[in-house]
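In the two complexes below, chain A is the common chain; its partner is chain B in one and chain C in the other.
And then the complex of A and B:
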């Protein structure tokens, strides 16, 4: 392994293809292609039995060739092939009006709006808690252990109760989902922010003290700027689990709209293609949200005069 | 304010008196609130007592946090007592407010009712625990962590694979993997196997990413030393790089211990035999049996913390040399 990382002194400079190969792009493409191949093979293998049995029952031509093509065109396959999912995505994202119940855009907006509201509430709570924990010794001693141990509890299990309890006092729709998201995502923000606010070392704090800076000034001029990289790292984690929270919150109570509801409906009616396309959209949402936080980070860092 | 309290309450005796006062007051208030003529219809005087207790409790927690003790066991005791008192007081408030205002149990049961529910339904809870935790979680956790570890070693052996797998693994680790639960239920049936399958996928990627990062931990110089001893790849791996990667491995094991429980419980929302923690939660929540739901959650909390604690204990024993533990 160590031999490959030695720079090739005097070797010819690699061309574009070589660069791709040596960087991450080439290997990632190969791995993704390999996953696709495995996917197709697995789909054919998993759907084979069902198709061949149905063909035999209906007295159709059950030759290997006919069965092979049918495994990739089933209505409710055990495992749909990628191009079936793409067709379904095209149908439910582009062909249907985005306000229709059959549109995945509609369901995704529903889930993302709950995710974002929950993310904002949770991060605000997380930052507030962190500021309190850093400044008050009492809170640090009494609250911090609970914040940490709250993470060893399967918090997601609590989702159904929150939805039911809030539903019975008249809160439905977006708010219960957002609360679950907030509950899930406050933790990484608190932990990261506490670490970030404590990042300035003794000497920097002493310097502020020799300037006779007040606690508030130390906070705004030293601690807060120093904490931002930590904050953004945990915000990226937080927004991803905020999405998970919103999806899970839609599961147990039979919500009508949202990606979670779409998953549940697909699982009731055995619509595997629908489940997979909802999953792909959920994955795309997660990626989009994390990238958005990354862009925000870059913008904030630039505004603060940071150099990349 | 807190620094003022800390200065005023520096003597352990004063703090001990405050803690004792809080304790006695809370016990008295608990007895009072369960009187038939107080429950659901508590007077202003009672709430004044609760608020006074709140102030005293805040003072005693602040006093405890500010204590500067010489002896090591004393400091440890205070470090444990402070969060314990804080948590106990939160439970006290929960109980007093729910009983005092007469909140309907279908909305929010008091902790005492949840505790009674736990005591009368231990058989049911044990069956749920066995189904979800002992079967689904443990099987999935073992398979997921081991296969993540194995693939990480493979990726380490083949640098090309590492460069390709790591970005993909990082991407997948950020996805809402929990969504594959309905598919796994479809493939592996309603019983615990499908839950274990969800747990396998959820625990695989954190382990993969962490082990690959951990194997980079051994420095160039240490590796060169191994090379000068004429150690081969496997010997270097087992004697140098894996031990150096242990903190990362345990980090993944700890992350996975909570992920596994979440995965198994949520997968049960998609169909299960009529036993299991996730089934119990969704069934009882639907018919507003909230004391049972809270009982299951209390059990999940204890199981989750115990699992995490166990992994942390093994970590302390296995990575005793690491600076974060050596202190």
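And then the complex of A and C:
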């Protein structure tokens, strides 16, 4: 055996950049860069005809270079380029007071409040339905088909009906939006929670039987803790579609505020940059909400002795 | 399992007069109706188990040994004959929490620490916090897991997990301990070790133990009585008294007495066509 040690390849302590690169950051950046390239190419291609036709109408004989640069500087392009959206975001998020109607922060807050209220209502409903379905055989037979068919109704069709009906009894603003959110998001919670409450295996249930435990004790000490991983998986889906529900609820109802209203106004006036900015903010909100649920999940699982 | 657990000393081992059997099974049968016709899991089983005995059920898979244990525990219902546990029906005995049950797997709840797993039956039975704390400490000591109270099941080895599940079964001090192949999933070295510990625990607590196994040495080493069973239909072939005395080091398995009993068990199994294809 030789005593000279062979340096391990790659064993050197990585710097901060190296660490980031080895984590999620590297791969994510690569994907983002690829999307940017495709986006710019697509934007130039899609805006090209419009720009060159406009130059022609104005009687100018523009060079290809001039057309190329103009495709990225249009007021109402077919497809805005990322830096136009960033400029618009800067203007509507940072430059305007967050209480202003022109601020995306204002609109996002509006939508997120409806999302959160709807999410809480929907999740509570979903859990209650699941508890009922698991414990009462009649409910399983009578309720489950309705739960499933509720999701086959297109939400775009039902949203205006809900808003109009609730409006006629004096409910306006946040509540109708939250109800539409709840309508969408209770479903995955019910399905996941039913599965979770039935997750305990035969041995775990037999154990409770040997103790002659009551249904309530079996629920609190076995079924509920066993269901939590399933519940959190469902909640992540639920919070994302809850946001979709809130935005959809703002679309057909002429809502004055919210990301959906912003999208609608943008499409009325052909303000594509405004639409895309609202979309980006909506996506960021969704990511933020899902991450928040994920963090809650992590904390709960840690408290329940989960393997790190 | 060193140390003495005061509440578990032979408090009930003193026979009360001419003690009735703890478990009395007469003409018991259990038939499962399946799509392929009836399955005779148990057929005309007679068995008496006295207080303080250590009884093993041995036989090949499908001989009804686990089913018989589950009938005693009221986890299955017999379709014929009679059975009494502590002079009651199995259901009454279960409702009175007359037995602790140890399953094939530890079946610890993964979201509870070892201590809180042992606490589970005590919580359900509504014991006070102080009483629970005392019992928990005594049980952990009994199964040599002191210091592991705050660990989660996944942090323990398989043998330690099964010891924790035995502590859980004994925590409410039932007279009867029902064990369904508790060491079947463990390797032989751990199994030997746990067999020794179980024997000491039995001697110390004087529980009546009913133990299902498919290992001949395990059955002979542990039991005062071996019930040899055979399949199709599940029935008892032989009941062998097997008192090797209270002191049983692992070496006892090499002695002629031990081998003689082991041979009789094997002959019983052969007579029941357990070795047929």
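Rule of thumb we're sticking to: the second predicted complex is superposed on the first by the 272 of 308 C-alpha atoms of A that agree within 3 Å, B and C clash if a C-alpha of one lies under 4 Å from a C-alpha of the other, contacts with A are read in each partner's own complex, and residues count from 1 in each chain.
In this section, a residue touches a chain if its C-beta (ideal position, glycine included) is under 8 Å from a C-beta of that chain, and two chains touch if they have at least 3 such contacts.
The structure presented is a predicted model; accordingly, all values stated were derived computationally and were not measured.
Taking the superposition as given, does A:299 touch the first partner, chain B, the second, chain C, both, or neither?
In the superposed model, A:299 contacts neither chain B nor chain C.
With both complexes superposed on chain A, which partner does A:141 reach: first (chain B), second (chain C), both or neither?
First partner only.
Looking at chain A, does chain C or chain B touch more of its residues?
B
Regarding the shared-chain residue A:286, is it in contact with chain B (first), chain C (second), both, or neither?
A:286 sits against chain B, while chain C stays out of touch.
For A:73, is the partner it touches chain B (first), chain C (second), both, or none of the two (neither)?
A:73 sits against neither chain B nor chain C.
Quick one: classify A:94 as touching chain B (first), chain C (second), both or neither.
neither
Just checking: does A:42 make contact with chain B only, chain C only, both, or neither of them? Give me first, second, both or neither.
A:42: touches no partner chain.
For A:207, using the defined touch cut-off, is the partner it touches chain B, chain C, both, or neither? Pick first, second, both or neither.
Once the two structures are laid over each other on A, A:207 reaches chain C alone.
For A:240 in the superposed arrangement: first (chain B), second (chain C), both or neither?
first
Return the residues of chain A at which the contacts from chain B and from chain C coincide.
none
Using the touch rule from the top, collect the residues of chain A that touch chain B in their complex.
Per the touch definition, chain A meets chain B at residues 1-2, 4, 23-24, 26-32, 35, 46, 78, 136-138, 140-146, 149, 151-158, 160-161, 163-165, 168-169, 236, 240, 243-244, 247-248, 251-253, 259, 263-264, 266-267, 270, 272, 275-276, 278-279, 282-283, 286-287, 290.
In the complex, go through chain A and note every residue touching chain C.
Residues 203-204, 206-207, 209-213, 217, 221-222, 225-226, 228, 304-307 of chain A touch chain C in their complex.
Name, in rising order, each residue of chain B that touches chain A in their complex.
Residues of chain B touching chain A: 2-3, 5-6, 58, 61-62, 64-66, 79, 82-83, 85-87, 106-108, 156-157, 159-168, 171, 174-176, 178-183, 185-187, 220, 223, 227, 233, 257-258, 261-262, 265-266, 269-271, 277-278, 281-282, 285-286, 288, 290, 293-294, 296-297, 300-301, 304-305, 307-309.
Please give the residue numbers of chain C that touch chain A in the complex, ascending.
My answer: residues 73-75, 94-95, 97, 99-101, 103-105, 107, 109-113, 120-121, 123-125, 152, 154.
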